[in-house]
Structure formats: C-alpha cells, structure tokens
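What follows is chain A paired twice: with chain B in the first complex and chain C in the second.
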Partner chain A sequence: MSAPTKTPSAADSVTTGERRRPRRRRQKGIAGNTLWFWVFVGPFVLGLLIFSYLPIIWSLVLSFFEAYNTATPSKFVGLRNYIDMLTDHNFLSSLGTFTIFAVFIVPLTFVLSLVLALLVNQVKIARAFFRSVFFLPTACSYVVASLIWRLSIFNGVRFGLANTVLGWFGIDNIAWLSTVSPPWYWLPLVTVRLWLQLGFYMILFIAGLQRISPTLYEAAYVDGAKPGWQVFRYITLPQLRATSVAVLILNLIAAYQAFDEFYNLIGNVNYARPPLVYLYGISLGSIQDLGHGSAGALILAVIIMIVTLLQSRIFGFGKAGD
Partner chain B sequence: MAVSERTTGTPQPIGFTQSTLGRVGMVLRWIALFIAVVLFLLPFYLILRNALSTEADITAPNWTLFPSHLQWSNIKELFDDTQVPMARALYNSAVVGVLGTAGQLLLASMAGYGLARIPYRHADKIFYAIVATLMIPGAVTFIPSFIVVSSLGWVSSLRGLIIPTLFSGFAAFLFRQYFLGFPRELEEAARVDGAGYFGVFWRIVVPNSLPFFAALAAITFIGNWNSFLWPLVIGQDSSSWTIQVAMSTFITAQTINIHELFMAVAVSILPLVLIFAFLQRYLIQGVTQSGIKD
Partner chain C sequence: MPAHVPNAGLSRRDLLKRTGGLAALAAFTAACGGNTGRPSSGGGGGGEKVNLSQWYHQYGETGTQQAAQRYAKAYTDANVAVQWTPGDYDAKLASGLLSSKGPDVFEGHFNIAMVKSNQVVPLDDIMADVKDDFQPGDLATNTLDGKIYGIRMIIDPQVIYYRKSLLDKAGIKPPETVDDLISAAKELTTNKVKGIFVGNDGGNVMGGPALYSSGGEFLTKDNKPGFTDARAAQAFGKLHELYASKSILLGAPTDWWDPTAINQGLVAMQFIGMWAVPGMQKALGDDIGVIPFPKLDAQAQPAVYSGGWTQFVSAKSPNIDAAKKFVKWLWIDKSEYQEDWSLNYGFHIPPRKSLAAKASKLQSGVAADTVKLTQDHGYTDNPAWTPKMGTAFGDMLTNVIKKGADPAAEIAKAEKTVNAELSRLFG
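Up next is the complex of A and B:
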C-alpha cells in the first residue's frame, strides 16, 4: 500500500480491467507460480485448443478440399468451395431470408423489450410479478415454443387458435406455415422469437434503467422538461445507450444464428431457410459435404464478425459512458 | 456522488406526474400491461390445456377453454410410447444439464482465478487467446466441432454431447473479471495461515462467491437443457437424444398425437419452472451479469 503507483489495489484493478498487471507484488510469496498457473488454467486451455481452435483450423483446411462423407480428404480444390458457395443460389437466398428476418426481429425486439422494461419499471405494485411473467418464457426452449406455435396457435386447421379467432369473424382458415404468398410464415417465425427473448432483453433494460441516477430526472424536472416523452427522449434514452448497443448487437448475432425455430416450424424448405438450416442440410444431411459446409460456415462467421464490428463502430461501442 | 443531494429533493418524479393527463396515461399503461401479461401467459395455458386433454377435445371444431375432463393418463401414455424414448431422453438431458453445468463452472472458475490471481509471464497472451474465441459466433462452429467429435468417435454418446460444450471462453472471462474484484484481504488472511493457491481458492474464494456461481449455474443449466442444434447434430441414434431432440422428432413423426406431445412439453419445462420459482433472483443476476460485459 505504500507505493500506490506500482501496486494498484484490488479495487483499482476491477475498474481499470486488464491494463496493468496487479500481481507483481506477491511474486515472492509463493513458489511454483508457473506450475500453479497451469494447474488452474491448463485444463481449460487444453479443452479450448481441442474444441475451439482445432475445429476452426480443421474446418479451414477442409474448406479447400473436396470432402464428401470424410473429415480427412485428399483432393485439394483451392477456392472452389468458396466460389461455389458464393454463387450458390440457395446459400445466397438463405442470407436473404436472414436479412428479412433481422429487419423484423431486431427493431421489434428492441422497441418491445424497452417498452416492457419501462412499463414494469413504472409499476408500483406487484412489480416482481410482472417481471416474472415476462421473463418466464426464457425457461422454454425454441423446440417447446415451436411446438406450441406450430400445433396449437398457428395450426393451419380450424382448431388452431389463430384460425379459431379468425373464424369468429368469418374468415377462412389460413395455412400459416406453408402459405408462400402472402408470406404468412413470417408471423409465427417472428412472434415465437419475440415471445422467447423479449423477457431476456427486458431484464437488461431494467438493469440499465435502474442505473440511471434519480438526480438526472430531478434536474430535468427542475429545468421544466415535460414528463413523458421529453424526459424519455432527453434523459432516459441517452442514458440507456450502452444497454441499447448491447441489446442490438446480441440480438443481431442471435438472429444470424437462427436455426431452432425455422427447423422445427417449417423445416428445410427453400422459401424460408436461414443460413444455418441450409448449412446443416448440406453438411449433415444424406450426403455429408463437409468441404462446402465448412466454406459456408466460415463465410457466415466472417459476415457476422464484420457486421458486429461495423455495428459497434456505428453505435460507438465503448464511447458510451456508464 | 449525488447521494447527498438526493436526500434533500422531493422524493419525485420518475417520469410522470399525477395530472389528469398522467391519470389517462396510467390507465393506458395498465391496459398495455394487462394485454402483455395475457399474451405472455397464453402459451403456458395452451401447454396445460392440451397436455390434459384428449385428442378429440383438442381437435374439436369449437374451441373449448378447458378440457372436458383432466386426462392425467396422458402422462402414462407418453412414457409408454415406444416410438419416442421419453424416459431415456429425460435422463440424457438431466445428465447433460448437470454434468455440463458443473464441468463448465469448474473449468471456467479455475481458469478465471488463475488468470486473475496467479502471476505468470504469459498470462496476458493466454487471456487474449481465450477472449479471441468470443469473436467466433457459437452456432457457426457446429460443423467444425462435429468434424472433431466424429473423429474422436463420440457421435451419439453422452461424452460427445457434454465435453465439447464445457470450455466456454465467455464463462472464463466472466469469472476472471469477477475474481479481479474479489477482496484480496480475505485471501491474504488465509495465505498467512499457510494456504496455497489451491487451498485459498477452494476454502476462501469459492465459498464466498456462491451467489455468483449460482447465477452462472442457473443460466448455464437452462442453456444446456434447452439447447437443440448441438444435441441434434450429435444425437444420431435415439439412445442419445436429449428431450429437445426427442420432442422435435415427435413433430415430424407420421402421426402426431398433440395431447401426448404437449404432455412431453409440460414434462420438459417442469425442471426449469422450478428453477424459475426458486432461483429467479440468481437467474436475473446472471442475465444482467452475462448480458452486458461491463
């Protein structure tokens, strides 16, 4: 404690993170630090090498080979797999499907989870009850939700709930999941994800709302800001900047990796097939085409990383103060 | 910093006043809340209604709010169905959930502690190598991971379901950040008493970090229980299906028994509803801790 510049306290190292090394000072205390380091970190690092690094490298290698039903191919094809994938109509249209999905799901999730958070946060009574209700669907899997949506709510026959309700108004049954024009299938696909994930993002927003200092609202009140929209626009929303960025990025990354609800609601069909369902089909279907599958997975990974970086750039990740 | 000011001001307005306009807004907000609650609970109602109905009740042309009588025998029917190995699938899910969670927390917490507290020349490089894996979108790696796991001969096995999921860079990262903030004084005291890193970690650090562990455990367990893509890829044989894969196979079966399927749904969400009932506090902590990397 006598040399604060060289030996930051534990509290410092929390706030400033990894900038410095807070371990200097106890170096003499314990013998065999290196050994102990590896006892603690070694098993994890070993597993990471085998199950994270090795797969990626192996996949990179496979993407340059013709690899049908084998993980140890011999026929080198150079960039052929990549060119095939980038000119593959099905792969490109799966990226298109994703784009439409993201256009629906990202803004809707953002707005609705923020609205839920604001509603729950302003309630004076039974707040925990409301929070639990909206958070509860997080306990359900995509498989479970897809089952409910497919067999009960959006079942194409009369006993489906949606069609029952339409029936009260004299409207004919709609085959929700197989009607291509108009593309009704988006309604179940989008609402199922909304139901499952809104509560999760609502929790993030509530945490963000509770970090906002009440003095800011008092100041706004004193300055004559109109309660409601003005306060929301000039105090709440800017203060939620860090949370908003996190919600948008997490949500978009998750949407890119949509698989479960598409697979379980409509299966591997060409009119609404996101990238992962397509890649699953070609690499683990009847023919295991691991060369094209690997190339496609790597292309997708690169796209996700670029979009994530761009998004954080645009929204100024890190600039946002707490 | 602003704490002292806050006590002087009126205890007031987080957004809205009690004017007439405010009252109208208040009513509208309650209506919105009420509608949202109904919509969010609707699927749970459907689970219960369909799980306890006969097939005839469900497919009747007129919607019945409640089944004509509670058909509890659907449970027996579900477990007797030889097409879908429900008991086996539940067992697999339980093993994957428990061992997967325990293993992931053990490995990640030890790695996080080592990175946070044990001086080592290359610790920074190792840390960056771990953080780098966070850049790779998880689901995209299912093809590469399948290649490795099938080469190990682990397809259709519990090993294949569990072991590849144990090494979460994100969990190690969270634990490291958490342990950096752990009060050193507690550790120093134990060290003076002659404890080494191992003793300090297990006797001081872990017992004093149980809420953090509980939060991550709740989140990880739910994630494992509900995960679908990896179990689908690995579970090529019905003996290694998890409950999610079993239910998914159910949908694509030739004849669908809706009542049976919904009973399966009800059974499958029971453990998670219990976690929600008793551990929700930790769960919400877990979401806030892992959702936003501070």
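Up next is the complex of A and C:
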C-alpha cells in the first residue's frame, strides 16, 4: 500500500515554496491518487475484512463453544475443544500426513523448478515459448487436474494410461489410488502438484537469475572458475538466496494448505488426510462440529505461523538488503 | 483520505467517480448474496403464493431431475423451485440448514442431531391418516421420542448382484456365507475380470451389512454400542480377508453405486443398490442374479441394508405450514408421482405398502428377488447413530480392511468416540 506513505512526502514538497499553478495541479493529483487508491484497493480490503478477518475472529469465538450445527452457539466449554483436538489421534495423524507430503513436495519442487529455470534461462531460441509451456499448467485448476489424474492417468483398471504403459512391459495393473501397501497413492498426489506448481516457481527463479549481474560471471571467468558446477555453487546459488527462501516458504505454506488434490483424488480417508481435509470433514461436512473444527483450524494457523517465523529467522527472509 | 490533504470540495467529476465506485462496490457485494434456490418473488403478481425451495441430491438415473421439476411445477398452492445438487450434497445441505436461506423442503437421512439442533419439524399431523400404510422399519428410522420427522420417499436395498453366466462357467453356486463369498471372488478372478467390486475404498460400504450378518448392530435398543463383540471383530476381519485376496476391483473410474463396472465386464459380482437394476438389465439382459450380504456362519442371518431417502421440512423455513402442505401433497396424496419416482428411473421399493403391492415392475425377475430379500433380511438405520459415529466407524473399517490392523483394537477406538457422542446426546 504505497499511496498513503507517499502522500506526506509529496505534501511536504508542496509546502517548500513552489509556485502557485504547479501546486494546484499537484494537489489535485494527490487527491486523485488517493481516490483511485481506495477505488482499486477498497474492494479488496473490504473483501479481506469480510471474508478473512471476520471469519478468523468468528472461528476464535466458536472454538470456545460447543457448536454443533450452528454458527451462533450458546454453550461455553473453555479450552475443551483445544484439548480434544490436541489429543485426537486423527488430527495428529493428519499433521503426520502433511509432514510426509511436505518432505516429498518441498525439496522436489525446489530442485526441479530451479533446474527448469536454469535450463530455460540457457535456451537461446524460443525462450518465451519454453517459459510459457512450463508455466501453462499453473493456469489449470487443481480440481480439473485431479480429475484427469484420477479418471484417466492413474485409474486402477487396465485402460488407465499408467496401467496401459505398465501393460506393455507385462506388469499387472496397479490400483494407484487405493493401494496402501506400498502406498502408491503418493505418486499421483505428488505428481499432480508438481505438474501444477513447477512452472510458477520456475518463473520466480528465472526472475532471480536475471537479477544476477553478468559482471560476477565475468569476474569468475577471469579468476579461472570453471563454468558449470563451480560457478553454480559459488555464484548462482548464493545470489539466489532471497528467491530460494521465498520459494521455500511459499512452498511450505502451500503444502500446509493442501486440500484439493487430496479431496478429489482419494477423498476423506484416514491414511492420507492432510489437516484441512480432516477439518473440512468434521466442521463443514455432515458432522457440522464447528467448535472442534475452529479449534483445529486455529491450532493449524499457529503452527504455520511458528514455522514461517522460524524459517525466516534461520534464512533471514525479508531483512533489508534481500 | 488522509486528514492532512486539504478538502477542495467535490467537483462534479469527482462526485461521479466516487458514486460510481460505490455503486460498483454495492453491485459486487450484492452479487455475493446467497442464492437460496427460491424463485424470486414476482411482487404484485396478484395471488400471494409463497415461494418454496426444495433440495435434492443428484440422482444418477436420467430423467429424475426433469421428473422432480415436473412434480414441483404441477403444485398450484406455492411456487416450488427445485435445487438439484451434484457433488457433496450432505455438506451443502448441512450448511444450508444453518440458516433460513437454506431449503424449505429437502431430502436427507434422519439422525438425532437434526432434532437436537432444531433443523426439522415433526410431521405427525400430516402422517396421521397414512401411518399404517408405511413399513414399521421406515417409520422407526424417522421417529424420535414418539414423533415422526420425515416421510420415506424411496427404499433402496443394498445387495450383491452377480453375473449368472460367469458363476455357471466357473461351476460356483451363489455364496451363502462370507467365506463362500471370499472363495467365489478368488475363483472368479482372471487377468481381465476381478471377482467383485465393493467400492474403490476396498469395501467400507459393506461394514454395516457385515456387522448385522454377524448378529451385531450399530447401537443396541438401549443405545449402547452394538459392534464391539468378538463376532463383530471376526466379521470386519473377513472384509480384510476379501480385500487382501486380490480379487476385488480397485481404482475404477466410477464407484460402487454405479453399475458401470459390472456392466463393462470388469467384475463378476458387485455390491450395489436395487436402483441400478434397470441399468444392469439394459446392459446384461437376464444374466443377473442377486444375493444378500451373506451370513458370517451358521449361527447368523444374511443382512440387507434397507437404505433410501426421506423428505423433511426445515424448521428454519419461513413458511413451515406451506412447506408441510406441499410435502403432504407430493409424498402422501399424489400416489402417481410416488409410483413414477420409485419405478420409472432407477428401481426403488415404494415405501407405501399399498403402492408396493401393485408395483408390477418389482414382481418378476431379479427385482422381485431383491424385494423378497429385503423383506426377509432388511435392517434400517437407528436415528441415534450420528454422522460423527459413522465417521469413527468408517475410520475403524479403513484401518482394519486396508491396513490389516487388529479389529479388536480398532473397535475399541471407535467405541470410545461413539460413547463420548452418546453421553453428549443422552447425558
């Protein structure tokens, strides 16, 4: 939100003895800026208030009440909902599921999107084409992608794409989404998210790469650094620190918010249920237990906050100079 | 606007800009307002007819949506708008019932939480004259403390249908015990065809029938957990045995309630409801037979879950009386519509004894066999069994069936949740 902070300095310059006509024009410009600031930002601020802050406050209230099938409960239960959730093995195991998911998805996304960015950045011809091709899946909805993954690529019968390919090598059909040992369902879950989000993080990395000054590479060349791993390790990677940290944090938060692909690929099952799917099930499905659901959501919010703060402490994200 | 910016007054242009922005904002927020599914009130249209919104889940059979709309249109005392809901109907209904913006009239499944949360109204007054024409089980499943809260619209027995030709070819008789079922599934499995389809989750839908066919029940008559003895554990263990036998179809594009798997020859047997009989007959002709969920052993009886859908009136409706009148008209007075709904799309047993007796489509072939099995072995839901208990029971089944966990230990976990829920509801 830059307009309000800009206004005083502009107003100060007005008082420093400029001539009359420019002054009037400048003033009108300021008023216009402020107006347009609110016209553009207002609806979003209002949306944020109505659809984000108000529900957060309301769920804080609900989390202290027994609230079955109602958003205006009357029976105060203190911290009982929190205690129940923290001792609920299903909720705890959903945090475990998330952890496994994050262990797969965060490093994979990081490495693959970096590799993609390096490759696309090196391409000399049709660079825009390659960039767009890899970025395109980002525009696809999680629900649509999940349906394609479930119904055509990873369905368990012989005419599914993955099973057809296995069939060429004489391997039996695999029920990808229904097999728990080995847990094949992770393959569709992880690949669908990789396909959808790699392009986005690739673009972030490309932006980071293009910010690195060519003089650094020239200097390295003069100093005799070997192109390839050495240059990447000592110049590219350190220069990408700010981008890398941003990618890691965004990635981890996105993983915490995992819902769509789990819900659409395997549904609300207890062996692979991230926290949001579990909370959706108890509070918004037919159970309508909004008290426990709200308590769980707030516990989750606190965990995300702590992890993000820790991460930025360790990596120094957002410090001046980054 | 920050306070230190001098106010030069509003020019005509500024005024237009500002009011324009406000109008856009107002339009945006208005567009976010809820669509209740009710027809917008015509206003000044002469006769003051009330508007009612009626919610359905999405039935799989073609023609059902048009039929529902036709019934609503034929009603003259109110404007009835039908809301047809694809996807997660239960979730949408649950949030719809939180406020008066939800349905006036809806279909669903009864449980005690709906009464405790004041979501439905008793319908004893409109049911009084026809009560004896309903099956006792269908009345009991919608009754709490002596009050009837819902009118059964259709009865949907869930059984196992099989391809007669495939069983004959393998020289197998229709299974009579759970062990027979497991060995039949194994023998019928080839590299192209699996023995049985019981849902992509590996068979949770058979948890209830397996329990009842071992002599257990969800809740006993005095509302205590009825799924905790050793025979129940044995029955759930059998479901794991079936899952582990590698003879069940998993990962099909459609789920257990859709007959595509058996119709396309992916399986020899499928656990499914009677609604699918017309679809299966179209694809397979007479090559279908039916068995109930088989008994655990000689000490027990087979089981048929007699599910279905029930019509309710929302307690939050602004027009409860008009809604009750409409429900009475459609589900009690208009027997030709009830007949149409039960028999002309999928097959369902009409809940009214008088209609069931003359349902000629259910008096021959595999449909007649299914009706007979339902009469002999049917059980209905206990209204004290809430969705939360159902979820705990489902988690128990997933752990036992798919992960091969110890049934007794998993039962103990589910029992803990069910007991907590019972003490919340009954003190």
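Operating definition for what follows: the second predicted complex is superposed on the first by the 266 of 322 C-alpha atoms of A that agree within 3 Å, B and C clash if a C-alpha of one lies under 4 Å from a C-alpha of the other, contacts with A are read in each partner's own complex, and residues count from 1 in each chain.
The working rule: a contact is a pair of C-beta atoms (placed from the backbone, for glycine too) under 8 Å apart; a residue touches a chain by one contact, two chains touch by 3 or more.
Source: prediction; values computed, not measured.
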With both complexes superposed on chain A, which partner does A:306 reach: first (chain B), second (chain C), both or neither? neither
Kindly classify A:151 by the partners it touches after superposition: chain B alone (first), chain C alone (second), both, or neither? both
Applying the touch criterion given at the start, work out whether A:71 contacts chain B, chain C, both or neither, answering first, second, both or neither. both
May I ask you to decide whether A:314 touches chain B, chain C, both, or neither, giving the answer as first, second, both or neither? neither
Look at A:111 in the shared chain and tell me whether it touches chain B only, chain C only, both, or neither; answer first, second, both or neither. neither
One more residue to check, A:284. First (chain B), second (chain C), both or neither? both
Is A:39 contacted by the first partner chain B, the second partner chain C, both or neither? both
Which partner reaches more residues of chain A (counting touched residues only), chain B or chain C: B
Examine A:90 and indicate which partner it touches, taking first as chain B and second as chain C; both and neither are also allowed. second
For A:103 in the superposed arrangement: first (chain B), second (chain C), both or neither? neither
Shared contact residues on chain A, chain B side and chain C side combined as an intersection? 11, 27, 30, 34, 39, 43, 71, 150-151, 157-158, 267, 284
Would you tell me which residues of chain C are touching chain A in their complex? 1-2, 4-6, 8, 14, 17-18, 21, 24-25, 28-29, 88, 90-91, 93-95, 97-98, 113-114, 116-117, 119, 192, 200-202, 249-253, 266, 386-388, 391, 395, 398-399, 402-403, 413
List the residues on chain A that touch chain C in their complex, please. 4, 7-8, 11, 27-28, 30-31, 34-35, 38-39, 42-43, 46, 68-71, 89-90, 150-151, 154-158, 160, 174-181, 267, 269-271, 281-282, 284-289
Where on chain B is chain A touching in the complex? 2, 5-6, 9-10, 12-17, 22, 25, 29, 32-33, 36-37, 39-44, 46-47, 50, 58-61, 63, 107-108, 110-111, 113-115, 117-121, 123-124, 126-127, 129-130, 133, 135-148, 150-151, 163-164, 166-167, 169, 172, 177, 180-184, 191, 196-198, 201, 222, 225-229, 232-233, 244, 247-248, 251-252, 256, 258, 261-262, 265, 268-269, 272-273, 275-276, 280, 283-284, 287-288, 291-294
Quick check on the complex: what are the chain A residues that touch chain B? 9-11, 13-14, 17-18, 21-24, 26-27, 29-30, 33-34, 36-37, 39-41, 43-45, 47-48, 50-56, 58-59, 62, 71, 115-116, 119-123, 130-153, 157-159, 161, 164, 195, 199-200, 203-204, 207-208, 213-215, 217-218, 221, 227-228, 231-232, 236, 242-243, 246, 250, 253, 256-257, 259-260, 263-264, 267, 276, 279-280, 283-284, 290, 293-294, 297-298, 300-301, 304-305, 322
